[in-house]
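Each of the two complexes below includes chain A, the first together with chain B, the second together with chain C.
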Partner chain A sequence: MRIAAFITGRLAGLVATLLVMSFIVYGALYVAPGSPIDTITGGRPLPPKTIAAINAEYGFDKPFLVRYVQWLGNVLHGDFGQSIVFRENVSTLLASRIGTTAFLVAYAALLIILFGVILGLLSALRKGRADTAILATTTVGIATPSFVAAIVMISVFTLTLHWFPAIGAGAGFTDRLWHLTMPAAALALAGTAYVARLTRSATNEELGREHVDTARGRGVPEPLIIRRHVLRNALIPITTVGGLTVAGLIAGSVVVENAFALNGLGSYLVTSVEQKDFPVVQAIALLLVAAFVVVNTIVDALYGLIDPRVRVTGGDR
Partner chain B sequence: MSSLPLTGTLRRAGTTSAGRLGPLGVTCAVVIAVLAAVAVFAPLIAPHDPNALDLLHPFASPSPTHPLGTDDTGRDLLSRLIVGSRTSLLGPLLIVLLSVSLAVPLAIWSAWRKGPVDATASRFLDVLFAFPGVLLAILAIAMFGAGLPAAIVALGLAHLPYIARVTRAAALRERELPYVDALRVHGFSGFQICWRHLLPNLAPLIIAQATVSFGYVMVDLAAISFLGLGVQPPSADWGVMVASGEPAILAGHPQQSLYAGILIVITVCAFTILGERLADRDRTPGR
Partner chain C sequence: MSDDLNQLRTDYLGGHMTRRELLRRAAVIGLSGPALGGFLAACASGTGTTTSSAPAIGTTVLTPPAKGEVDRVSWGLFYEPSGLDWIYDYNYEENTVVTNITESLLRLTPQLTIEPALAASFSETDPLKKVYQIRPGVTFHDGSPMTADDVVFSLRRQLNPNSFWNFAYVNVKSIDKTGPAEVTVTMKRPDEVFHPLLATPAGGVGKASYIKAKGKSYGTPSGGPIGTGPFAFKSWAQGSSIVLTRNESYWDSAHAPKVREIDFSFIPQESTMTTALLSGEIDGAYHTPYSGLDQLRGTSSGKLYLGKSLIFTEIIIAGTSGPLADHRLRTALLLAIDRPALAKTVYNGAATPLKNTVVPLPEWGYGHAQAAAAWAKLPPPTVDLTQAKKLVAQAGPAAKQTMTIATRASFQRYINIATIVQAAATQIGLSVKIKPIAPNSYGDLFFSSKARSGIDMFISENYADIPEPLEILYPAVIPGQFYNYNGYNNPAVTSDLNQAVKEPSDPKRASLVLSAQAVLANDLAALPLANPAVPLFLGKRITGAPASFCYLYYPWARDLGAPGT
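Take a look at the complex of A and B:
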């Protein structure tokens, strides 16, 4: 019962946040200077009748709130309107690109969780040289922007070693995996370093706890102590921060897709901004922000499910 | 000032500041100082005009005249990196200043007033927090056109919650200390206490957080310039240089992108490490 109330609360928060986000995304482009009619007509002077017809077709003549509600209603039905540049349904234009972005983000998330946690554990449990080396590497890793990682990888793995292709997303699962390995690694680098750092400090903190000393005193074998007493507790902060890092990848994909010339949502967003194709900008911005907010909420809810203390106290973060 | 005990939790007497930063922290401070000096005196230091073309000598190898070689249009790479440090460092600086000047008053005020003011401010921060910085910047650029101003305002807003949350949490602790009660008894107004006593005591923490933020903001702004939405070519800027050097990488000339990229990484490293050291220094043990 309490869990149901907890989840309902989080869901209500999610809907509220999504509404605010959609309002920001729609409102921002509504107040943008320069009329969308100029984009459609290419700035040619047209008779007032034609302009009125365009206004009616795209709904430019209605008041803001009416248009917002209409737009939101259409969006909920999967209709993002028409692209001004391509005169095509935005949903159709996005459908062919969403797969690349989703694959890229999922791939990078997997890399972050896998390598971040392994490196962090190694660092905390081995101590000594391994710890120092991992600490130094992660410091540089956190500071490396994805696009810098991208150009370094292209120069090393494409140009020198010829292991991976530098551009394109590939077709079919294996080919795609091969094509997106470098982009996913570039996208995952900073997050992996961050999660490794976090895993290290969370594990170290648990290792120093009294309950661990007690377990040692009782003669519990070390591997069991690590698994049952240290990892289980350390997993709480790792899940939260790791989840937030994964959510951050959604916005980060915009940069990586451009660095590797991938035909995903992010690169299309940048092109559409340059072309002032506002319906497309609105649609992609909304999709990416919504994905970000949804992942955040899931992480938040998971945090509550893993750690019952959060549900009782309402979370004091 | 009055003769009241004004020691906040965040201030500690003791060893010199350089000693407590550790050798790594001092190294980072020196790196930042050198970079700042280069940016300030860039036109004097740069050996060549950063935009002077020499189409006969593209991708020249390093030589005494061109210590780092030239780019695809024969422009001197060293000069472009030196002059590029200006927008690359000034942009993040403006973003951090904007963030701090909005976040700190908001945070201290809401911590001081508590109640509905605090709740409203926190909701506002949550909404901002839920909007990824790079996306907010791209949206702002869609509104106002490509260039630094839109990117700076958007990133300044996007990073506001990070500074505000840290400041608010510290201000909430600080206002419960006995010296604040003492000041109240003496009849000081809330504004005076916040401005003259809370703010100075919170300053070390705010500076530490701002230093770390500088690093992260620099990554975001460089990414915007890399996407072609921030600083516009042919202006020399590190983010732009990474992007405009990219086509040449596949032709076997990765120098421009690599040098600019390495400079970004070094700068971000220096700021984040120094920021963490500053934060450690101001953290009282046992808290």
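Take a look at the complex of A and C:
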């Protein structure tokens, strides 16, 4: 029952968030200067008669609230409208892109969690030279913006070694994996370094705690101490930060998608904001916020699994 | 000796050697002192005095012809086309793609002249009746024949003001089928710009029944277009690619396409486009980024061409008052701007300085010799600070006001130009403030007087669609026209152009336009800056695509193929 209440609470929160967010985004876009016509014509001049006809066709001449309410009404009927630039249904436009971003973010998240935790643990448990090397590497990793990583990777792995393609998302699982390896690595770089750092310090902290000393004193075997007493406790901050990092990847994918010419949601969001393509911006923003909330909910649920003390208590977290 | 010199020049300009190495090699071939200075100056101006193996910038029209077939070509576009319905295709990449699918009654040739395409012939029984004979034996991609009814339906679509090409039809009264294969366009008043505009999508022909069936979705990913062109629409994966396949029964058998499939990718990031061309992932692209030209010039994986173009960069004078309303200050500002340097830096060497705004090239579709002679007489694009300062002093108090130049925010070329203008103004004691405008509202400057308020000038990189200067000139300098923002009114120019618009004879029309041009070059209704070339890169696997600006309105992919058999 408590789980049901938790989920209901979360859902209500999600709907409220989406509603407020949609209003803010629509308003911000409305206030921002410019019009989508500029995109379609590439800024080339058109006679005033044609401009007026297009404005009337898309309702750009109507007041803000009328347009927003109309949009909202359509969305409640499951109609996200048509892209102004492409004259195509928004749902069709997003469907062709969502796969790329989902794959990219999942791939990068996997890399972050896998390599971040492994490197962090190695660093904390091995100490010495491994620790120093990992510290140095992660410092560089954190400080490297993903677009720089992308440019370096393209010049090394595409132009010099010819291992990976520089553009495109590929088709089919293996081809996708091959195409998206560089983008995912570029996207995951900073996050991996960050999670590795955090894992290292969390593990180090747990290693120095009294209950670990006590366990050692009682002769509990070291692997068991690490697993049960160190890792389990260290996992709480790792999950928090890991979850936030992964949720942030959705926004971070923008840069990488642009650099590798991927047909993802992130790059499309940026393009459609530049184009003032209202229906598309709204739909992507809704989708991203929903994804963010879902990831955070999963993280919260994970706490419960890791630590019985924070098991859900009716959704009032 | 002259071969050595040419090689040296090519290598130096191509960025294959440093200046130090140049001096060493120059010494080897016996070039030193003043001779070397002259050589370097020739290199810098981009138009060598020696006959070079590399053609002058912006003069190339063709690439070596294709001899063999190619299975698949991957082509780069710098953004995703918004649609493939020709009436809404009014920008680079839309037209680059759709021109291979939907053909027009006429077409723009690589030499930038107009020739018949879907209209086999044209006659003008009186100045108000333009009669087009429809080419027989042309079929659409679905196999059905193209009829006069399709042509009438297609041209009538343009009468809706929603069409981006509606401006071509302002003087059209009606479009009618006047014979089994004959279409007559009746004009309200004589208009010589209408006919050549039929080489653009303004003269595009689609299949009437198909377009009616598809309704609003025609030309979108879910309603792929059907035309008569050398390539048929196959698929459009939103956000990633558009695929066209060869039209096996293309009517123009002399130009039967050699490429089986062409796959367009969308690569907005400049560095990524350059990399993809260098690595061969993309076989070719028109309008490759200026930032990557040095890398593309230097690579062995393909060849870079700088094609002849109808693009022109100018400064538009935005208002009727302010310092620039004073003719002396407009002249002074232009004299202070180093146009050759601007062409070299802003366009990375892929542009030539422009002497007159609205007539982009000395060679139009007609009146070549006359135009070239008139062009030679125009004042050269050189800097003259002494004269400029003299004019500023004469202008008196008007010169003290600060002027505002609008630039498209985050658009590097415009920002660079604005900076150059600002620096030039400072040199002669004028003051210019740069005002960045949000990218998607920059276009408002062209049609909203509110957007132009407080702005003295703005930068425009535009192109003529056809080799007819009247298309650009007329709306910009005739009083009361859309793009005449500064109230320019010179009765001599107005009279010349009003006659020219009605003049069917090419030589007579040319002399009227040139007469107006001579006046305009002095009046400076706008400030001419540069004529950017079309950078075209073709990878090793392919050749044949025309290098000139025609690629927007010529089915260029039909000439593409393998260099060997």
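Here is the rule we go by: the second predicted complex is superposed on the first by the 237 of 317 C-alpha atoms of A that agree within 3 Å, B and C clash if a C-alpha of one lies under 4 Å from a C-alpha of the other, contacts with A are read in each partner's own complex, and residues count from 1 in each chain.
The definition used in the following text is that a residue touches a chain if its C-beta (ideal position, glycine included) is under 8 Å from a C-beta of that chain, and two chains touch if they have at least 3 such contacts.
Since this is a predicted model, take the numbers as computed values, not measurements.
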For A:258, is the partner it touches chain B (first), chain C (second), both, or none of the two (neither)?
both
Just chain B (first), just chain C (second), both, or neither: which does A:85 touch?
second
Looking at the overlay, does A:57 come into contact with chain B only (first), chain C only (second), both, or neither?
second
First (chain B), second (chain C), both or neither touched by A:93
second
Between chain B (first) and chain C (second), which does A:274 come into contact with in this model arrangement: first, second, both, or neither?
both
Touch test for A:140: chain B only (first), chain C only (second), both, or neither?
first
I'd like to know which partner A:21 touches here: chain B for first, chain C for second, both or neither.
first
First (chain B), second (chain C), both or neither: which does A:223 touch?
neither
Please indicate which partner A:166 is in contact with in the superposed arrangement: first for chain B, second for chain C, both, or neither.
both
Interface residues of chain A shared between complexes with chain B and chain C
32-33, 151, 154-155, 158-159, 166, 258-259, 274, 276
Within their complex, state which residues of chain A touch chain C.
32-54, 57, 85-89, 92-93, 96-97, 100, 151, 154-155, 158-159, 162, 165-169, 258-261, 263-264, 267-268, 271, 274-276
Interface with chain A, chain B side, in the complex: residues 126-127, 130-135, 138-144, 146, 215, 219, 222-223, 226-229, 242-243, 245-246, 249-250, 252, 254, 257-258, 261-262, 264-265, 268-269, 272-273
Quick check: in the complex, which residue numbers of chain A touch chain B?
17, 20-21, 24-25, 28-29, 31-33, 139-140, 142-148, 151-152, 154-155, 158-159, 166, 190, 248, 250-252, 254-255, 258-259, 269-270, 273-274, 276, 278, 281, 285, 288-289, 292-293, 296
Inside the complex, what are the residues of chain C that reach chain A?
82-83, 88, 90-92, 160-164, 166-167, 170, 216-217, 219-222, 237-240, 265-269, 271-272, 275-276, 278-279, 281-282, 408, 437-444, 446-447, 462-463, 475, 482-483
